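Heads up, the next two complexes both have chain A, just with different partners, chain B and then chain C.
And then the complex of A and B:
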């Protein structure tokens, strides 16, 4: 196992720079998720770590070694591809043992290591099948088995679950997590699904347009997003944003005149313009709150997702109340006063708030 | 139940296929049948299917034209090696074309097509003095290299199309697994592009086995191929023995025919590579 240190790493395709100086420190044995919208450079970054894409500038260390110039095979990493990339003409056992056969490992060693991976992943019964004869979830497991057999310093995953159906995705999520707990191999996991990132990772790195927007533990990103982008990206359904001005230390006024009580605004100037972020799950039914018209009701069972019209703005709210909501109904709502997020409307950066 | 219109189309297709099959197979069948007839029966009009077959032509071929059988051996050696050479070179070049993007490669791909348009003889005749100088005249090697060379351009394009269908992630996964480029080629690309290789092989085999002109130019005795011997039979001084000639032709025809039939499935897949997904 090893740590991974990325320093001011850049990537250009021709004249077009797509990774603009990224710094990430990944501790030995940790599970890090790279998230971000499509095209932000997640795969490119991962492929640079894997040695599949040249590093245009900057430095990449695995452990103490600088590996910029090292070919993939000497970096001691294993990668699971979105398409799984299994060798179609080889059996499951041969797929998993391919790296060993290249090394001319003994038959006994190969059997032992492939057997171990197969037991870990529940693939014993499928060892003689070809990839064509497997279901999507089974292929996914074989791809992971191939990585496990290598016993690498670092696991790299590029959206490994995106080809699976929702239920299997949740199951595999748990399995990958359990596997990581067991093997404790440093893992870098690319996904565009922030729920996956939140549930699996020790640390999340949010990327946008080839830059790191924020890196930190999942709950830190949720509780204190560094800017409007991260605030909107982490959390589902996404955060609501309003333009507002600071009226006093404990009151905000929205543009439509609604006054909102809040706490922790000691450092802010009166009349300062801010962007307020309110998570849907931090809105409550409150007598005397802002009157809102329900335009859409989506019950999921434990909670109900509401789309509301407040003034002219569309607002989403998640309610856990056991109550019937009907479309067209007017309800009054207010946010939890200590759960507001304030951002500078110009820079998009989080404003200092006492928690 | 087929609707009448679909039935009509099906019928039309069957008839067309039958006509084409008869059209192309009839001469072969006639040669084959005639090789079991006595000379006087061969050109009897009308052509008769009912006759007592005789092996006398084959016996005469064996006794009088031993050169034909050593010609067959030469043909076999040349065909096998030319095919192996052309298929391997095409596969390696096709792999390079498929996996690399470079302006030089794209323009040379055009060159590969262009070069097919030049009549081979234009390039080959100037080679004659060179071959002489190298003392390669009348060796298997010169024909092996020539025949292989003729098909490397087409073969490369076929193989490239084929290898393009193998997802690049498979190469990448193998590189991460520790494979060198050569290992990727040998362990993954070649086994996965077998159909393409069969298609290329068919071209080379059919051509090398039947080729006449270059064999005539570059061989005299030792490396004489079967088609050359057959042509000598036609030009024999004491008059043509048609039965023996047809016997030789039948023997000459048989291996290629068998091979093409066996390789049919792969061949079709190879020739249509790239035209459909998956």
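And then the complex of A and C:
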């Protein structure tokens, strides 16, 4: 196992720079998720680590070694592709043992290592099948098996679950996480699905347009997003944003005149303009709160997702109350005062708040 | 009931094709089979002679000359085309500058009719004034005396045939190569495969079905080799460069022996099947052996 250190890494395709100086430190044995919207450069970054894409500038270390110029096969990494990239003409066993057969490993060693991977992933019964005779989930496992057999320093995953149905995705999410706990191999996991990132990773790196927006532990990103982008990206359903001004140390006033109590605003100036972020799960039914009209009710069982009209703004709210909501009904709501997020409306950066 | 109806509907849909195949292939083939047991020429009723036509043909040294010529040319042409086609397909797939233009250049011979191609080549390789002959002379290389030496004649026929049909083999292999996902090569590179190993262990096995199909088609077509020989050497000198189709044509329309010509036709079918059998078996295995039952 090894740490991975990315320093000021850049990538240009022709004149067009798509990764603009990224710094990420990945601790030995940790599970890091790279998330971000489509086109932000997640795959490109991962492929640069894998050696499939040349590094235009900056430095990449795996362990203590600078590997910028090393070919993929010498970087001691294994990659699981979104399409799985299984060799269609080889059986499951041959697919998993491909790297060993290239190294002319002995039959005994191959059998032992392929057998171990197959047992780990529950593939023993499928070893003689060809990829086309497998289900999507089984192919996914074979692709992971091929990575495990190589016993690499670093696992790289590029959206490995995106071709699976929702249920299987949740199951595989658990399996990959369990696998990581067992093998403790440093893992870099690319996904555009922030739920996957939140549930699986020790650390999340949020990317946008080829830059790191924020890196940190999942709950830190959730509790204290560094800017409006991260605040809106992490968390589902997404955070609500309002324009507001600071009225006093414990009161905000929204544009439509609603006063909102909050705490932790000691460092802020009166009349300062701010963007307020409120997560849907931090809105509550409150007598005397802002009157809101329900426009959509989406019960999921344990909780109910409500779309509301507050003034002219559409607001989402998640309620765990066991109560019947009807569309068109007027309810009064208020945020939990200590769960507000304040951002500078110009820069989008988080304003200092005392927690 | 409804399944039966579906079957009838399906039969109705394929019926026109079946009818045409029956009319232009099946019935003539059977007629030729019948004719091969008859003695027949112009102005004379066909007369049953048993296997006499076959024994006549099989004891004719010119038939054996033609059979050997055909087999040699076909084997050379098909295999050289396969190697060249594969090499070019890989070259094109590896990324060339001006690929669309080069593709058009490579495919162009396929658009040339055989007759015009032969006329062009006769002109290019004319033993005294041809441009290629002049060029070979200028380089101090031996020239092709294809009208004099049978081996030169067959060589130029093979060369011409390759030039004419390479685009077919190339395009099939190129399409097959393009359908191999690039990620397989990336996965192989990470797994530690050298370029040679990637070719041997990924590209080649995945191209085998396309290679077999291309070769089978080329075997069948190459066996019918006619116009290149007929127009280039006319089978000469001294019938030494005849191929089976030319031999058949001579039997039928020069010597007016329809019986022996028909027998030759069936022998040609059997010989080409014999040559193609290996590939047919392989294809059969590839296609159907691991198809879901």
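Note that in this section the second predicted complex is superposed on the first by the 355 of 355 C-alpha atoms of A that agree within 3 Å, B and C clash if a C-alpha of one lies under 4 Å from a C-alpha of the other, contacts with A are read in each partner's own complex, and residues count from 1 in each chain.
As a working rule, a contact is a pair of C-beta atoms (placed from the backbone, for glycine too) under 8 Å apart; a residue touches a chain by one contact, two chains touch by 3 or more.
In this text the structure is predicted, and so the values were computed from the model without any measurement.
In this superposed model built on chain A, chain B and chain C take up the same space, so to speak, and clash.
By the touch criterion defined above, A:119 reaches neither chain B nor chain C.
After overlaying the two complexes on the shared chain, residue contacts for A:77 are found with chain B and with chain C alike. Shared-chain residue A:130: touches chain C; no touch with chain B.
By the touch criterion defined above, A:102 lies against chain B and chain C together after alignment on the C-alpha atoms of chain A. Using the contact criterion defined above for the overlaid structures, shared-chain residue A:293 touches neither chain B nor chain C, since it reaches no partner. In the superposition on chain A, no contact is made by A:320 with either chain B or chain C. In the superposition on the C-alpha atoms of chain A, the part of chain A touched by chain B in one complex and by chain C in the other spans residues 50-52, 71-73, 77-79, 81, 83, 85, 87-89, 98-99, 102-103, 146, 150. Residue ranges of chain A in contact with chain B, taken from their complex: 50-52, 71-73, 77-79, 81, 83, 85-89, 98-99, 102-103, 146, 150. Listing the residues of chain C that touch chain A in their complex gives 181, 183-184, 186-193, 197, 201-202, 205-206, 290, 292. The residues of chain B lying in touch with chain A in their complex are 167, 169-170, 172-180, 183, 187-188, 191-192. Residues of chain A that touch chain C in their complex: 50-52, 71-73, 77-79, 81, 83, 85, 87-89, 98-99, 102-103, 130, 133, 146, 150.
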